[in-house]
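Presented sequentially are two complexes of subunit A, the first with subunit B as partner and the second with subunit C.
Right after this comes the complex of A and B.
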């Protein structure tokens, strides 16, 4: 990846980015990524991006509930069936702890899944193609292959500028 | 969530994206710490030190240093515990309820409210721990394989539910808070010129990029974590209420307790947010982010919640009379409305149900000083509510020979003041070192808010 360079279209406005994405897609130019200081919902839809995190979360919730019930049942019915207050050992009030721990497992494992899928960890060193994309710029990244000829590059350049890019840069990151 | 409509102007002044980054990160990137910060932290550290003395005294000598007796076996510790947990509901109520309800005016307040939650819940957590008397045996409350039988916890006890619910609440709120800050840490990482800060915020940002897929997953994960944590707001305080309601003590044994406590928690949480945000917007000159409109919205919520509180008080009194139980009637009519604790009772009614009704007047909602004073009254009123619930019910129960009144000792007061110091210290640290407003979320609402502005302008013309 290092020896491939990238074409960066830098924009000032989220709505312009979204029309630029349309324009690029219409011309069959593959967009590698869009960096932005805040989420751009339109762009995900246009680039046809989806995430399966919600299914994972559902699974974690179910597993959390089942595991908690198994533990409560095992500890209070099988392992040490102590009767207090004349109440049955397998009590309905297990529901409360199951509910709370289902949430806990959902939250913790959703976060873990997110961090793993996104490959984030403390101390990870990253180089942004354009650091201003964490501040006030929106950056469309187009990968430039080695075999891409000058004419195509110029065409992409023009297309980006025509659709509202304030700058078009090259990057090796 | 970029395409959701906003109601009214959320960010005033002609801000650009860059201005937002600068406004929020300037205080934490500046080399000099303001003088007021040092003064405030000196005061809070002194409070904290006094609290540590109270802690030490309790652990070294025992809970005999407290004003508790055979009748009033729950005193200051439980009052303050419930009070802090109530305040700790602010963050989640604010950021998560309003997130799920797509209320975009939360954006400039949610981060600070979440920080409040973390520190308030930590302050609350100190009380059950110290209330055990033998804090070194504190791990007994967790279910773990042991040589005592193996004897497990009583999973039917509200006190154990409390342990589960509060530790879950703290964990979930903290993770949600942290996840929300990841993109902002990346903004700071890219902005700072200091090598040390770049390193620290770089580690905290976990290598955040802000790519389209990254944002998609981030939004999805954050919304799921928020949505999962939202029911905890209801469950945590319901469970705290069941610590009382599952007992048969007159004045506690009532089905209204769980909803009453949840509403009370949201009430005190919102009031504390109001208190804090009025100070923050003044000190950091954030009037353009935390606008009149924001304060107005919180005041309106408080008016409504105050009415619910009023109705809850009245229905408690009504049910006490309607039940025809002499013990219930005694608590409400002889030991609350009149009697030894009438001051506390009427302070609670006045501060919680009557004074906030002043928010009906637009003039008062617009007057920041008045709003601030009323928010302080609510904080005090909610403290009195917990005092009334705990002390009046326990002090005079069935047998007159067991009647005993309660006054807190210096050690108990010290611990309370210490937790106040801890809370304020935490907030001060947050204001100094962390992004106190969600930078990326503010940028997300900027565009709509400027469209609203243009529309109002053309409408006026």
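Right after this comes the complex of A and C.
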């Protein structure tokens, strides 16, 4: 079983968070996550956090296009080839419906994937390490392993304090 | 920070040689009797460089109106193109002499036997035609010249006064350009075939101008960066620039397709004649090249995040897009005036001449003032934090 204990460094200022992240990375302390009231793009870049969700979106878009084309082709060429206005049955106007449904499928399935992966649903109360990170605090989360000794914990604690954390807490979330 | 562009003697000489080549091509064209083709090429290049200039200035106005911070360091590049706009106005006067040669409706007595042309003659007549373009040029130059002057004044005095005035003038400029450029497209490209009309034609060329104008700014910024200017240029700037190109490639493809689809679906001979001429009668290559180069290539190429931030990949995209825009305007003009595919010394020569003039004027104009607007309120936001501390 994994111990889920975490060390939280709470900050007041986004710029201080950015330098604190630098300081922690320089000492080879793995940062699990940074919570902030608004996106801090340069911090993401430092943490080298990657997401695969754009690939999922691309896949859903392609699938939506192909599925729409298949349905249009089946319905208006194979199953019920009705000629109107002298146009061929496999018509150029498919493109617009394919385009629009590619966007729809991309958006809806990406949202669904995101919600499922993050285990979110309407009305869920999210367990934040520190709920003040949705308000005016910036929180650096460092995972505390079972086998982490007291000395390392104290070192992390000191590093956070030294780089400007207003408080350092423990959390079990 | 107040570094100015240094324009070397050899650069000026090369550009002057190119201009002379262009003049020689035009002279040869007139002497050998290819009059219509020469006028058509002059119109093509005039329109090409005018739309790049106006597109770039539109881009600049968008940055001011949206209060964009990231682009604050690059506004001098489009501002330098104001000088070319003045040159373009002079070159346009030359074009007035070619009107009877290019436009069927402007020929003497054209509307006597043609009910459609007679019906359109209150709008399509030579005096009104010239007045329109003159008024547009005066308005454009007045507005962007004011913006440029205000930005230079900001360098001296700082503060928010110039910034707020630029924002207001940019709003006016966007409004004026949106209306006037539609008429420029209708007048100088669509009325080449005065019997044909499409309500989406001018919008497509407006999007095209914005598209290729922002591509030009990106190309200029990357090249200047390679020459050692804009040392703070980073991947985020490049990504923001390429977002414009990516977004506009979709927009351009949308406009092209909407126009084509409506005409295809309506299937009225008066309308389909335009695409019939281009798709069937010898212009197939240019017809397909136009859509694939301008829409599909940037759309697929810049979809890769890594390429969208890579300076060399973006430089290739920009170069390809210039070819694409040339083909787009070529398709609009040559099919109506020369009626067959022509590509020779005249096409290359006139393009080279105009490109030389455009680059020379732009470079000289850029070298007159500091490359970075020193007191722009958003300048700090445009640099990344480390760069700002290290270098300035």
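Throughout what follows, the second predicted complex is superposed on the first by the 165 of 173 C-alpha atoms of A that agree within 3 Å, B and C clash if a C-alpha of one lies under 4 Å from a C-alpha of the other, contacts with A are read in each partner's own complex, and residues count from 1 in each chain.
Here, contacts are C-beta pairs under 8 Å (C-beta built on N, C-alpha and C of every residue); 3 or more make two chains touch, one makes a residue touch a chain.
All values reported here derive from a predicted model rather than from experimental measurement.
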Exercise for the section: Give one of first, second, both or neither to describe whether A:154 is in contact with subunit B, with subunit C, with both, or with none. Expected result: neither
Handout entry: First, second, both or neither for A:42, with subunit B first and subunit C second
Key = both
Practice task
With the two complexes superposed on chain A, say which partner A:86 touches: subunit B (first), subunit C (second), both, or neither.
Solution key: second
Practice task
Could you figure out whether subunit B or subunit C reaches more residues of subunit A?
Solution key: B
Practice task
Name the contact category of A:96: first (subunit B only), second (subunit C only), both, or neither.
Solution key: both
Exercise for the section: Examine A:124 and indicate which partner it touches, taking first as subunit B and second as subunit C; both and neither are also allowed. Expected result: first
Exercise for the section: Would you please give the residues of subunit A that touch subunit B in one complex and also touch subunit C in the other complex? Expected result: 15, 42, 54, 85, 87, 93, 96
Problem - subunit A contact footprint on subunit B (complex, rising order) - result: 1-3, 16-18, 21, 143, 149-152, 154-156, 160-161, 164-165, 168, 171-172, 175-176, 179, 182-183, 186-187, 189-191, 202-204, 206-221, 224-225, 228-229, 231-232, 235, 239, 439-441, 443-444, 447
Fill in the blank from the handout: Listed in rising order, the residues of subunit C that touch subunit A in the complex are 257, 261, 264-265, 267, 303, 305, 384-385
Completion exercise
In the complex, the residues of subunit A that touch subunit C are 15, 42, 54, 58, 85-87, 92-93, 95-96
Completion exercise
Touching subunit B in the complex, subunit A uses residues 14-15, 33-44, 47, 49-51, 53-54, 57, 61, 71-72, 75-76, 79-80, 82, 84-85, 87, 91, 93-94, 96-97, 99-101, 103-104, 106-108, 110-111, 113-115, 117-126, 128, 131-136
